[in-house]
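Letters A, B, C and D mark the chains as written, and numbering starts fresh at 1 in each.
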Amino acid sequence: MKFGLVGYSGRMGQEIISVFERAGHTLTFKMDINGEELLELPEVVVDFSQPSALVRTVEFCKSNELPLVIGTTGLKNQHFEMLKELAKKVPVVQSYNFSMGITVLRRILREYASYMQDWDVEIVEIHHRYKKDAPSGTAIKLGEELKRESPKHSLRIGGVPGDHHVFFANDGEVLEFHHRAISRRAFALGALKAAEFVLNAGPRLYDFEEVLFGGRV
Amino acid sequence: MKFGLVGYSGRMGQEIISVFERAGHTLTFKMDINGEELLELPEVVVDFSQPSALVRTVEFCKSNELPLVIGTTGLKNQHFEMLKELAKKVPVVQSYNFSMGITVLRRILREYASYMQDWDVEIVEIHHRYKKDAPSGTAIKLGEELKRESPKHSLRIGGVPGDHHVFFANDGEVLEFHHRAISRRAFALGALKAAEFVLNAGPRLYDFEEVLFGGRV
Amino acid sequence: MKFGLVGYSGRMGQEIISVFERAGHTLTFKMDINGEELLELPEVVVDFSQPSALVRTVEFCKSNELPLVIGTTGLKNQHFEMLKELAKKVPVVQSYNFSMGITVLRRILREYASYMQDWDVEIVEIHHRYKKDAPSGTAIKLGEELKRESPKHSLRIGGVPGDHHVFFANDGEVLEFHHRAISRRAFALGALKAAEFVLNAGPRLYDFEEVLFGGRV
Amino acid sequence: MKFGLVGYSGRMGQEIISVFERAGHTLTFKMDINGEELLELPEVVVDFSQPSALVRTVEFCKSNELPLVIGTTGLKNQHFEMLKELAKKVPVVQSYNFSMGITVLRRILREYASYMQDWDVEIVEIHHRYKKDAPSGTAIKLGEELKRESPKHSLRIGGVPGDHHVFFANDGEVLEFHHRAISRRAFALGALKAAEFVLNAGPRLYDFEEVLFGGRV
């Protein structure tokens, strides 16, 4: 596919280019705080940049009727309104976390936690020392899927990109779910999945779980 | 409930008594290679003994119309025929593995492996040095749920009761499922779950997954 | 060797008998709250019972000049005085933790933590839900070897016998030490090590680390 | 310090610049396949490039009497001869692995494996799917420190940078050493340690273990 990329010069942008090109896709439009460069009209636009870029991104998608994959964090109500409006014309995938593993894990917990209702459950998450919030947003989301209280333990050590452990245990056995982020490549691979999805999807606002699991939500 | 136990003097039998009594249930019938002792007619019979004990167990259940939970391993065709016959009159739960964690994990793999089709997957299992077969039967069962080849690695060290790890990984993340057996108490807790189930089930032969997940198979 | 055992009827006592007999040793004297039984004078006495039993144990060792391995917990000053007195005549090994793995790990941390002074370090320990104190005594001991503050995280889930993780991490790597107790057999094996040690040791009060590492303390 | 860097434009070179500058050091000389740039004479030279670059690196160090930290892999006898010659005049640190964690772990195994002589030991290593050799060179080195046979298991999944597990187990407990590489930053931090070391060391050829542990080898 031909793809456009907003925020191409940052680290996440570079990772997206690397992952998409390795999959045989071609960058034909790039946009940045420093300007735009259009080689050819893309088939899909990917934006992992800043909320402030969204006005121009949405305008570009709307006028060219291009589907959008948006992973920018910190969106406000006004941004979601713009996306909803755009999604009337083209498919839009919006998520704050394009990790496939975390998305799969959340769904597993949602479906299976009730079968281990009488087991104990606790969560351990490990992140680099520069992460200020604790517990992590992901640990909170995982906990919400459990539908009950779960003690959360946060380690802040070295440069760990992000580990999440969910431990279930009864008197005779332990079942542990462990997700480990290796690098931001995880999110670029998720963005690729989403870009391939919107090429064949109808106009609507989708979340990343729908990309992975389709109608089965 | 009042329960009967076949094979009460072995280690597994003692564990079952301990778990059932802690849950408020009463042992009213026990049978062993050395004889039988009937204090009061039980409401359910549990048998985790030897295939050779099955004739008498089935006879006892049939004549008293008692549901049966059977965890004996090494059953032959003739034994399954007897159980099917019995199951026309009373509910019977038969399984070679009453671990809830493994049963949940198998089902998760069956349902979710396809969403990580393009990830790599490998299995590591760790057992005590006295275990002769490798890979473990459980590792093989877990692998079957993946619907594709999965390299399996078997460690045989010390007294480890049984660890199973299933690793999924793509270029950016790892999702690991880890089951750890602590002791045979795991199976006694599963037997308890099954005993509570048959009290309210209709005549039929059930496997342990049905006990945990009900009609949703 | 011929060994005597104080507190032979409890779970720990049974484990010690099993481990010692498997190693080819013979129980020739046993003592319990219910009485004593002397088949033959033992070569060493092992006591993993109650502080209240110590008077008789020490008396027996002293009058027969027998070395002692004592793993009883909750000893008071008066008990230590008795042991010191006895140790003038025979070798005595006293410890509150006969786990070889934990003893090795403590020593490793003592010797190597300083080489990772600028790494972050945190401790996670996991125990069964019935354990009331947190962090565990072992986690505290491990932390003391680090010679600096270390955040400690305590999970209380199911029937986990006891896991201890010490994580060191810098920006580029993680070095984790993980000890897992499988069963009280660990302590029986440590007691065996100590019993073999005292057979050839001179009169003195030893701790378990000296048993493992000899003069190299 | 002022440092020179050979191979500054590659990924490892960029990581070294980032780590050294964050520590307050200044890049004053850089060399590459495309040429050299000398801003000011450095106090130490770091080379993580290609064997073919070594002639010029050694020449530069020799004529300016500058200590060298060399992490280039694939060196031949002739290269080691050059380094030995240089080391008569200035301190030189040469290693194929500048990971502090692995260096610490090797030393721990060397010192402690004998105390767990009667435990079982096995090694598991996990690397990305693009790694062709198995077991990894690091797993082999770790195994050599054990002074006995150790089964090795190699997983090749996704993008895992490199995990090494060494499991010791007896009938009652497990002691596991687990090293995890997060990124090549680990090696840049090791190079920094070595650069700080050579500033105050006498002329000699050192390996990385000496950098970490000093005279205590």
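To be clear about the criterion, contacts are C-beta pairs under 8 Å (C-beta built on N, C-alpha and C of every residue); 3 or more make two chains touch, one makes a residue touch a chain.
Owing to the predicted nature of the structure, the values given are computational and were not obtained by experimental measurement.
> Which chain's mean C-alpha position is the greatest distance from subunit C's?
If we average the C-alpha coordinates per chain, A ends up farthest from subunit C.
> Quick one: report the Å distance separating subunit A from subunit C, using the average Cα coordinate of each chain.
Those two chain centres are 50 Å apart.
> How many angstrom lie between the CA centroids of subunit A and subunit D, rounded to a whole number?
36
> Taking each residue of subunit C in turn, which ones touch at least two of the other chains?
In subunit C, residues 158-160, 168-174, 182-183, 185 touch at least two other chains, as defined above.
> Examine which chains touch each other and state the graph shape they make (line, ring, star, complete, other).
It is complete, because no pair of chains fails to touch.
> Help me check something: in the complex, which residues belonging to subunit D touch subunit C?
Subunit D reaches subunit C through residues 19, 99-102, 104-105, 107-108, 111-112, 115-116, 168-189, 212-213.
> Which part of subunit B faces subunit C closely enough to touch in the complex?
The touching residues are 158-161, 182-183, 185.
> In their shared complex, at which residues does subunit C touch subunit A?
That would be residues 119-122, 124, 126, 128-129, 151, 153, 155-160, 167-174 of subunit C.
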